[in-house]
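Both complexes shown next keep chain A, but they swap its partner, so chain B is in the first and chain C is in the second.
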Partner chain A sequence: MYGFEALTFNIHGGYLEAIVRGHRAGLLTAADYNNLCQCESLDDIKMHLSATEYGPYLQNEPSPLHATTIVEKCTLKLVDEYKHMLCQATEPLSTFLEYITYGYMIDNVVLIVTGTLHERDVQELLEKCHPLGMFDSIATLAVAQNMRELYRLVLVDTPLAPYFSECITSEDLDDMNIEIMRNTLYKAYLEDFYKFCQKLGGATAEIMSDLLAFEADRRAVNITINSIGTELTRDDRRKLYSSFGLLYPYGHEELAVCEDIDQVRSVMEQYPPYQAIFSKLSYGESQMLDKAFYEEEVKRLCLAFEQQFHFGVFFAYMRLREQEIRNLMWISECVAQNQKSRVHDSVVFIF
Partner chain B sequence: MGRCCPPMDLFRSEPMQLVQLIIPIESSHLTVSYLGDLGLLQFKDILQFMAPNISYSIFFQLNAEKSPFQRTYATQIKRCGEWARKLRFFKDQMLKAGFSPKVSKTQVDINLDDLEVKLGELEAELIEMNANGEKLQRSYNELVEYKLVLLKAGDFFHSAQSIALEQQREYGSRRTGEESLDTPLLADQEMSIDPSKQVKLGFLTGLVPREKSMAFERILFRATRGNIFLKQAVVEDPVVDPVSGEKVEKNVFLVFYSGERAKYKILKICEAFGANRYPFTEDLGKQVQAINEVSARLSELKTTIDVGLLHRGNLLQAIAEQFESWNLLVRKEKSTYHTLNMLSLDVTKKCLVAEGWSPVFASKQIQDALQRAAVDSNSQVGAIFQVLDTREPPPTYFRTNKFTSAFQEIVDAYGVAKYQEANPGVYTIVTFPFLFAVMFGDWGHGICLLLATLFYIVREKKLSGQKLGDITEMTFGGRYVILMMSVFSIYTGLIYNEFFSVPFELFGRSAYACRDISCRDATTEGLVKVRHTYPFGLDPKWHGSRSELPFLNSLKMKMSILIGVAQMNLGIILSYFNAVYFGNNINIWFQFLPQLIFLNSLFGYLSVLILVKWCSGSQADLYHVMIYMFLSPTDDLGENQLFAGQKTIQLVLLFLALVAVPWMLLPKPFLLKKQYENLHQGQSYTLIEETEESLQVESNHDSHNHEEFEFSEVFVHQLIHTIEFVLGAVSNTASYLRLWALSLAHSELSSVFYEKVLLLAWGYNNVIILIVGIIVFIFATVGVLLVMETLSAFLHALRLHWVEFQNKFYEGDGYKFHPFSFAITDDDDD
Partner chain C sequence: MAVKEEDSHTQCSEAGEYEEEEEEEENDTQNGEQNEKRHHPLDDRHALQFLDSLDDYLIQMDSLSSILRQGWLELASARHSMGASRVNGALLDLKFHNASTSLRVTQDDDDSGVGKAHFTLSKWASSGNGENGSGEGKLREDKSPQLRHRSISPLSETPEKTSSQIGASLIVDEQVQKERLKSLSVFGTLVSPKLRTAQLSFETALGKLVEIANTRSTLLSAFDQVKEEIEGTKD
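Our next item is the complex of A and B:
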């Protein structure tokens, strides 16, 4: 199987791979970011972006811009590109592309459920949802009172249904168990995606397993750090770790008993790829960890483009674009709030 | 650099100069816009290329590269962008309302500040109108939906009631009729439940989009665990959704529930599905009243909306009249500021410095424009115009007209000529259509092409104004090329004597006739020459005879070689003119001369042999002569001898050809090396003697002189060049045989269509078959011969020019002159 996909890949995947590589060429470069970071106002950002691929999406916006508009339009572009690719895709690529959206779906479900718990307006919540993770009856989520209802009412129709098997309880929803639900769902999703990629085999399996393993490990670290000092038991914590990745299984055992950030650090430093990330941080610091992880992720995603004839590029492209939108959001917010000194704090250069 | 020939527009590109303009800041805008009207100056982006120009950077700010929004005129550009956005908004609105912007030639003189105010006002007005209109439209749509709900739900209640009544009546009648044993004992009780105990069922009515209706029902069912009753009725016509304003197919629903919790859930679900709910009463009288009220309000709203629309239409109409001139103005303004941004600001902030390329002939016009601008803007100081010295290669600019531009495009598509090198475009004007016609020789087809292209040319004025489709635009752009092609193919068609593959005796009678009267099939029996040779072109009697093909093949093949050798020689001679023009003696003596000798001693000689054979009527085998000239040059030629002393000449030619190869290969790299060494030495001497001033100049252009001379690289390059030329001489000549092959294919195809379709259909003596035959013939002729064959002959002619002709002399590594011109900015409208 491995090594022969070059023979047949282009029959179905060639066109879309070309498309996605073309899109990748449109990602903002370090020079663009340097210029963007120098902007004095949101109009400057718009003017700079008008020379990039975002131009057509921003050109008809009336002048007093908001940072959210920029982000919204940039997301719209990503969604348009995704939809175009999905339209053109055939099996198994279309399933692969759909898998990419499940992550957004989980986030949206959690967003709506948390929002209703805090009695926010459903419409307002819907606007905040990521457009890639929308499904038909998403607004109905607001009706549900507990997990079981959530599942029976709405999610049974969505692709997320199988992931729910582990978290159906009749407990009323609260912040804690919503968070647990999110992580359980995400764990099940990652495992399922991982299995799916393994089934595809070839270069796709090889590259995607690396990317997904990184994702799983990052989540494991984040879960650990976020659950320090909460009432989550060690066993519960361990249940939230995905059952693959570099840390699986021994690292998970150690992470599960960590009580502070420095313990997490000592666990992670046993793994060479993560040693580099943690060595950049000073002791007791967890603020910059996100950025360090993002940087590492971007590096790995870019590497996915080095090889041809696999689906990993689609995943990598979506993630890179998402990172770019995060960057733009940070820059625009900094510019809008006159915090230009902090503009470099969270921007991750892609190239 | 000497001039070898009088300046002619197309032979070489226009002489260019690098000019520097120093413009006082108060007249800068006007100056740039006048220059844009003139369109003969290509501005250089100084701010981006400043680093190498050390001597200038003393005067200007030292910022090597400025991003667009940090430049002087960024705010103005943003303002223009804002206007452009408003104009796009107007255009969008106009298109939606069905107005098209009028092309008004009247140039309205508007102040830009006024325009800004006006655009702002108009936009605000339009947005307000739209908002009002939307609000009205929304309530109108809501009322329409409400009315639908009233009607449908009313129907439902009505039918439900009548069914219930009927059932009751039936039940009652059965009970009164006969007391059956089957009658459930509790039925009585069931029917007469105390109304006070009855749970009051609540209900909701509304509309839900049809595509969501199934999911809606499912979710309702799940959420209430089946404790609801849902009734849906299809609304036949799509309804305009009040929220989105789009036409959606919808269902009216009616849902019964019990309990407050269920109501709460249903309300949430309705909200989630975008189902609009409307109040509804059970009371029949109130229903009728409601319907009446709604209808009255509907008609009221309708008139209001109509008035609003009319008002909006008037506003848009007013905008439409001005739109084009505003649009033009804004676009000019924007490109002016973009250009101004490329200039650099002097440290005193009093003037702008521009650099750019302009043709030498335009100096006067540019100075005029500068002066006018200075006067018109009441500036106290005029702009300064000065020519700079530079080593940078200038852009290539040909002054073409509508006839020559298409031919120049053909050449440019391969590569833009190096500055002032010989332009193959001139020769292309004749050779291109000629080579095409050699392959497309049929005067019938030629006339068809001519008529088609004349149609374009006659309607040129009209067509050039409007937007055409992709393919039409391409053919329209090349109309003069096609005109030439068709004229030439009529000419070659007359020579080939083919009119849709039918020969005609246009220039007198055929020279051949039957031996005697008895021969019936003149094409197969032998013919004798009875008259003088047919005066022009091919004798019609050849057509259809057994020896037609061998005769034509031999003719066309030899003709192809003659044409090819002639064109390749032209290419080599052009390389001589290039060498002379650029003062490159090495290229004359060690490239042009051996190349000329090599090509002509082999294929030039072949051409001479062909001509001799044609004139003398000799039967010598030219293949044999050519092949044995190499294999055994000393052998006797025997019966293949065409003229006396042929063997000696062949030996000399062979010797020359063999000598020419090392001549091409060896001396040039060594001479270049020596030249470089001399130059290097000379420089080290002059450094001491020369003054500081020239030192600076030298240092500016250091990058040009300090190119490392790699002898091995140059030698390998020359080796490749030589091999390419030697092999190319053979393969290029062979390549010209495509002229013969395509011409053969064309004439064979057209004779197949004529004989196997038209004549066959004619033979049946049946009108229907004849008509079908004619239709098939016309389609085949147009589709295959006029379109496909034209394309293929065009492509082959293109190849012969790009590869076989241009590789002899053409460098094609220049870049095009892109003047800043409003005429061009107008064209790139989206």
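Our next item is the complex of A and C:
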């Protein structure tokens, strides 16, 4: 049940909630996307974005532009906004905001470890890391040969340390171990974030529980589909599913034994919120599944702004910006490859 | 009278000679026409081969262009789905490893004895099957002795041979699938189906490139032959 957030929230969180609601108003609209989808070149996209909040970040970029450059600069804007909110936040909002970045940290750790395994230069890998997931000793990851060393040398002093207890082994790192490590870490992170939000209580707990449960369910579906035809056993697959969400535990049991996309569909259609998602797909098709999930996620994230005095708006804003950056990436790639007819395959309108 | 007879006889003989000459000329003309008719099929054959190869070449180039466009878009779609940190060039493996696909160039002689290059692609050849070439090559080797025995063996043995062929093809398919997953593992073990689709597109494009190379070799060989014939006709 909700507490009396309305009485006390604005003391510490009022300013930042106003800031984030102002940022939300700056998200691109359907009209902006329509203009962007009609661009003939990346310079046209830059010209259209110059009239938005991304203008200052792109104005100094020389031609010819590349799609990755547009994505990098748009990400820098998100990073600046996040850092401003973090430095203004007090507890427990500052911890909540830090939790949002742990997912990026996990991705960066896996990127560095995988790249090192493939004998890539560390500097080159650091340039590809997400800025929100950077930490001080990240470059030292290249030294580790197995997960035990990874933990002992580097990660013990990072916020990811508690998530390593389930996957510490002395086995040398290889592609399969790294993938299992990635998913195990992310599972532990989601469960920890879920418990933290439950501890906060009130509107934050209710809204974040819904959003994180959806995230856990989507990950379960993606893990299932991506592991079809691979060497990942059913037991290993089941271990990667989170211990919460609408699909926990019976849906997970059924997903663990699925061998094709149609079996996944038959499992998911038993749950009404996901029935609507899978009804948009034809049998045997999984190409549009990502877009269907993103659309559902955007709908839930926008609903988070309908309520006040909770931390869910910060999480929702970060995720909506990520979706916007994904949209811009897709539009840029379609324009660069002269495939504008396919631009609406993956663009998800936010408003 | 005798003179007149002689003159008439001379005239007759001259006329006869003239007629003979005309007949000889007609015969020569007819022989020439027959000779020309005898040469036409060869000229047409090489010219037709050249034009046919050119048509194939253009169609294959167009097909390659569309396959590559599709592949690049599928790769972008995979990057959109999995995230830029999971699908990027910085993850490609720089360690020494055997090539999963190799190209062999041989010199073949066509009907007119002209040598031309022939390209053969061996896809997904694992290190264990190095001597046998690709898994597909291994399947070919398994098939041929069974085909030779087919005419001799009784009917009851045929279903066993068929099931063994199916079993062999399934084994090859599994090996190919494993090799495909192994090459994608640089991006992680659990990759999106979109990335696998992109891989198939680029694999098809590679096969198409080899087909184009063979067609081009045939095209150039046919062109050389047509050119030789034209130069021979001028001489």
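Following the convention adopted for this analysis, the second predicted complex is superposed on the first by the 349 of 351 C-alpha atoms of A that agree within 3 Å, B and C clash if a C-alpha of one lies under 4 Å from a C-alpha of the other, contacts with A are read in each partner's own complex, and residues count from 1 in each chain.
Everything that follows uses one rule, which is that a residue touches a chain if its C-beta (ideal position, glycine included) is under 8 Å from a C-beta of that chain, and two chains touch if they have at least 3 such contacts.
This one's a predicted model, so the numbers in the text were calculated from it and none came from an experiment.
Bringing the complexes onto one copy of chain A puts chain B beside chain C with no clash.
Applying the stated contact rule after C-alpha superposition, one finds that A:N35 touches chain B and leaves chain C untouched. Of the two partner chains placed by superposition, only chain C is touched by A:N108; chain B is not.
Residue contacts after overlaying the shared chain place A:H118 against chain C, while chain B stays out of touching range.
Legend: residue contacts after superposition of the two complexes on their common chain; A:T95 is shown touching neither chain B nor chain C. Contacts of A:S137 after superposition on the shared chain: chain B is touched, whereas chain C is not. Legend: residue contacts after superposition of the two complexes on their common chain; A:Q263 is shown touching neither chain B nor chain C. Within the superposed three-chain model, A:A51 lies in touch with chain B and out of touch with chain C [touch as defined at top].
In the superposition on chain A, A:T68 makes contact with chain C only, not with chain B. In the superposition on chain A, contact is made by A:Q339 with chain C only, not with chain B.
In the superposed model, more residues of chain A are touched by C than by the other of chain B and chain C. Seen from the CA centre of chain A, chain B and chain C lie at an angle of 120° in the overlaid model, rounded to the nearest 10. Superposition on chain A places chain B within reach of chain C only down to 16 Å, the least C-alpha distance between them. The part of chain C that touches chain A in the complex is made up of residues 69, 72-73, 76-77, 79-81, 83-86, 88, 90-95, 177, 181, 185-186, 188-194. Within the complex formed with chain C, the chain A residues making contact are 68, 71, 107-108, 111, 114-115, 118-120, 124-125, 127-130, 175-176, 178-179, 182-183, 222-223, 225-227, 229-232, 286-287, 290, 326, 329-330, 333-334, 337, 339, 342, 345-346.
Interface of chain B with chain A (complex): residues 67-70, 74, 77-78, 81-82, 85, 88-89, 212, 215, 218-219, 222-223, 265, 268-269, 271-273.
By the touch criterion stated above, chain A contacts chain B in their complex at residues 35, 38-40, 43-44, 47-48, 50-51, 59-63, 122, 136-143, 152-154, 157.
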